[in-house]
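A, B and C label the chains in the order they appear, each numbered from 1.
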Amino acid sequence: MDVIPDNLPAYLGGFRTTLSLTVVSGLIALAVGVLLAGLRVSPLTPLRALATTYVEVLRNTPLTLVFFFMAFVAPQFGLLAPLGYWTAVICLSAYTAAFVCEAVRSGINSVGMGQSEAARAIGLTFGQTLGLVVLPQAVRSVIPPLINVLIALAKNTSVAAGFAVVELTASGRRLALSNPADTLWALAGVALFYLLITIPAGLLAGVVERKVAFAR
Amino acid sequence: MVDPSSAAAVPPAGSRATGEPLVVLDGVNKHFGALHVLQDIDLTVHRGEVVVVIGPSGSGKSTLCRTINRLETIDSGTITIDGKPLPAEGKALARLRADVGMVFQSFNLFAHKTVLENVMLGPVKAKGVKRGEAKQQALALLERVGVANQADKLPAQLSGGQQQRVAIARALAMSPKVMLFDEPTSALDPEMINEVLDVMVSLAQDGMTMIVVTHEMGFARRAAHRVVFMDAGRVVEEAEPETFFTAPRSDRAQDFLSKILTH
Amino acid sequence: MSSVLYDVPGPVARRRERIGSVIGAVVVLVLVGLAARYAADRGIFAADRWNVLYDPPKGQTAADVWQSMIVRGLGATLRAAVVAAPLALALGLLLALWRTARGRWVRLPAIMLIELFRGLPVLLMMLFGLLGFGWDAFTAVVFGLVVYNMAIIAEILRAGLASLPRGQAEAAYAVGLTRSQTLLTILLPQAVRTMLPSLIAQLVVLLKDSSLGFIVGYPELLKSIQNNAQYFGNETYIALFVVGAGIYLAVNLSLTRLAVWLERRTGRTSAPTPGPTAGTTDAVGSARVGGTFGTGTDR
């Protein structure tokens, strides 16, 4: 039981790394994912095909495989990403971007055809239809799924523990190994910190979702 | 269907408005894949004229209506509005659409904007009217269609009939040359149909040019100058409402009328 | 065709699209070409990097290599998934039923279990098994996969039950079925059927997550790739990785196709529609099963 308070600094260090991985990768994934979604709904076939391929491949690939690629295979191409934090950021962003793209795309598609037809019918141009009618509505329906994608990302940062990043899970594993009598407590401490992120975020998603549903 | 007491004030049906041609379709054809939805459609609607389009389901009425503001493209033929051919795209098309009001069966009010914002959006963004001015005009229009007291609500908080009247106000706010109505009352509960039809009748009385797809024969009799009967992608018959409903010439129109009249 | 975003293109737009498409295609092809050129310059396509797949050195046969990857590696991956999936389904079903219990206090533990396991990384659950309970790697992997996925499956089923029209339950009560009969014979089968695509998508997630075994020392597909690469030399990593990634893609894409096909066939538009697959730890899955803290289905 005492392992948790006794090793608070170690937990907090891991927690900070986990948070930082989540925030940094999350921001990059949001940017890349929105860009990918733009390509996926574009009328230009080659760009659409490119984005579709990327998204389908990454969504059907285990995240561990992405890390595996960066850690062991990419060096064979002469791409020597230093193992550790930034490799993890690259993997997590690349992987999460595919899910961001899908969330954004389905948000756009959830706006009814009638909405944009009505916008066109009162004489709004393409840009106005997009900016005044389609996107504001898409954003609303896209926020709850995006929060869930980010929650998944927070949990997914744990995979970095297998690739030389000392984040929360790796700190917990260390503590468990060095406190053989208290392994369960050591790991329970880790669980506690994850729940600190995932439960409030989940509640937030639920609240936003209900708000959006009401506004319809 | 329509309250007969208000029918007295209506222009005598069939007194064809004698404006110049406003909407002209000439040899219009359209396919959906193998389906030939519009076949050699010739139709001229004059300024101030109210034309009701009726016909069986799938005969191409909606498609016809939607080609006039190019929500659907056509394969051949020409469509001119006020003497100018329908632009194919871009700013010119947006400007033309601003001149052609459209009212949809499913209202299609902008779900994230209040009633007032719905009506103001077009004038402010497409025509560059000042907000204050647009607001005055929007409130006046909402007053006219009888929903001014709902101005700050979201569309989802309104009844179907109210939503459709807002949609009419939204179209009117652009001061269109012609208004298209695609079955504006068929998604409404029976008790709400009249409130929408009354607004449309008063529009007709004010001289608005209207093309109305509807099965409301009461409306056709009260307000239309001409009925166009479509079947299988063709205009089969055109006549004044009274003539059409009492003595249709074509077999298909007789058949169609007998079906909707027995109900 | 017009879409939510685009009007039916006119001639100018069509010309722009054509030109844009050509430029886009050229850019994509040039990038691919440059990448290939770069790879070729570094000898990526040299035979000694690929012969491990058809004529491996060190006195091994191609059959040995493939057997170690397909039979042992993929076999171990599938074994974990095949053991975990039915357990997760069964326990998820139980949790979902428990969650529909009438008393608020009776169903609270179910809600807490679901929220707890949904909120934790699968890898951490595996470590609990491995270090906390001292189990072997296989058991730990299965444990992690089961507890996480049962929670998600319970949520999927709950969403399925919630999506059924109220009339279904009322009709069942009206013909005299009891509450549990109604739940088991009328509601649940329909919920399972509506949510079948989501359930299959979740199985893809489960299969993907079995690769976490690599981190906790379970000799699955990735481990067998690594073992082979270490034995034959790091230059064989690329070829072995291509095979491993290809296997994952083939299996997961087929499952995804199956889910899409089933969804089309059942053709239910009312049910929450799944994206074809979800993320490692269920990136999209939780999004589609509705609010995080529901109040329980009041049936």
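Brief remarks follow.
One rule holds for everything that comes next: contacts are C-beta pairs under 8 Å (C-beta built on N, C-alpha and C of every residue); 3 or more make two chains touch, one makes a residue touch a chain.
Since the structure is predicted, the reported quantities are computational estimates derived from the model, not experimental observations.
Comparing the CA-atom centres of all chains against that of subunit C, the greatest distance is found for B. Comparing chain pairs A-C and A-B by the number of C-beta pairs in contact, the larger count belongs to A-C. Mean C-alpha positions place subunit A and subunit B at a centre distance of 47 Å.
Measuring from the averaged C-alpha position of subunit A to that of subunit C gives a distance of 16 Å. Within subunit C, contacts with two or more other chains are made by residues 2, 7, 9. In subunit A, 112, 115, 117, 120 are the positions where the chain touches two or more neighbouring chains simultaneously. Within subunit B, the positions touching two or more other chains are listed as 71, 90.
Subunit C meets subunit A in the complex at residues 2-7, 9, 17, 20-21, 24-25, 27-28, 38-39, 42, 44, 49, 115-116, 118-124, 127-128, 131-133, 204, 208-212, 214-215, 222, 225-226, 229, 234-235, 237-238, 241, 244-245, 248-249, 252-253, 256, 275-284, 286-288, 290-294.
On the subunit C side of its complex with subunit B, the touching residues are 2, 7-13.
Every residue of subunit A that touches subunit B in the complex is listed here, in rising order: 112, 114-115, 117-125, 128, 132-133, 136-137, 140, 215-216. Only residues 41, 43-47, 49-50, 56-57, 59-65, 68-69, 72-73, 75-78, 95-96, 99, 102-103, 106, 108-109, 111-113, 115-117, 120, 126, 130, 134, 144-145, 148-149, 151-153, 155-159, 161-162, 169, 172-173, 176-177, 183-184, 187, 190-191, 194-195, 198-199, 202-203, 205-206, 209-210 of subunit A touch subunit C when the two sit together in their complex.
Interface residues of subunit B facing subunit A in the complex, by the touch rule stated above, are 69, 71, 90-91, 94-102, 104, 106, 108-112, 121-122, 125-127, 154, 156, 167, 170-171, 173-174.
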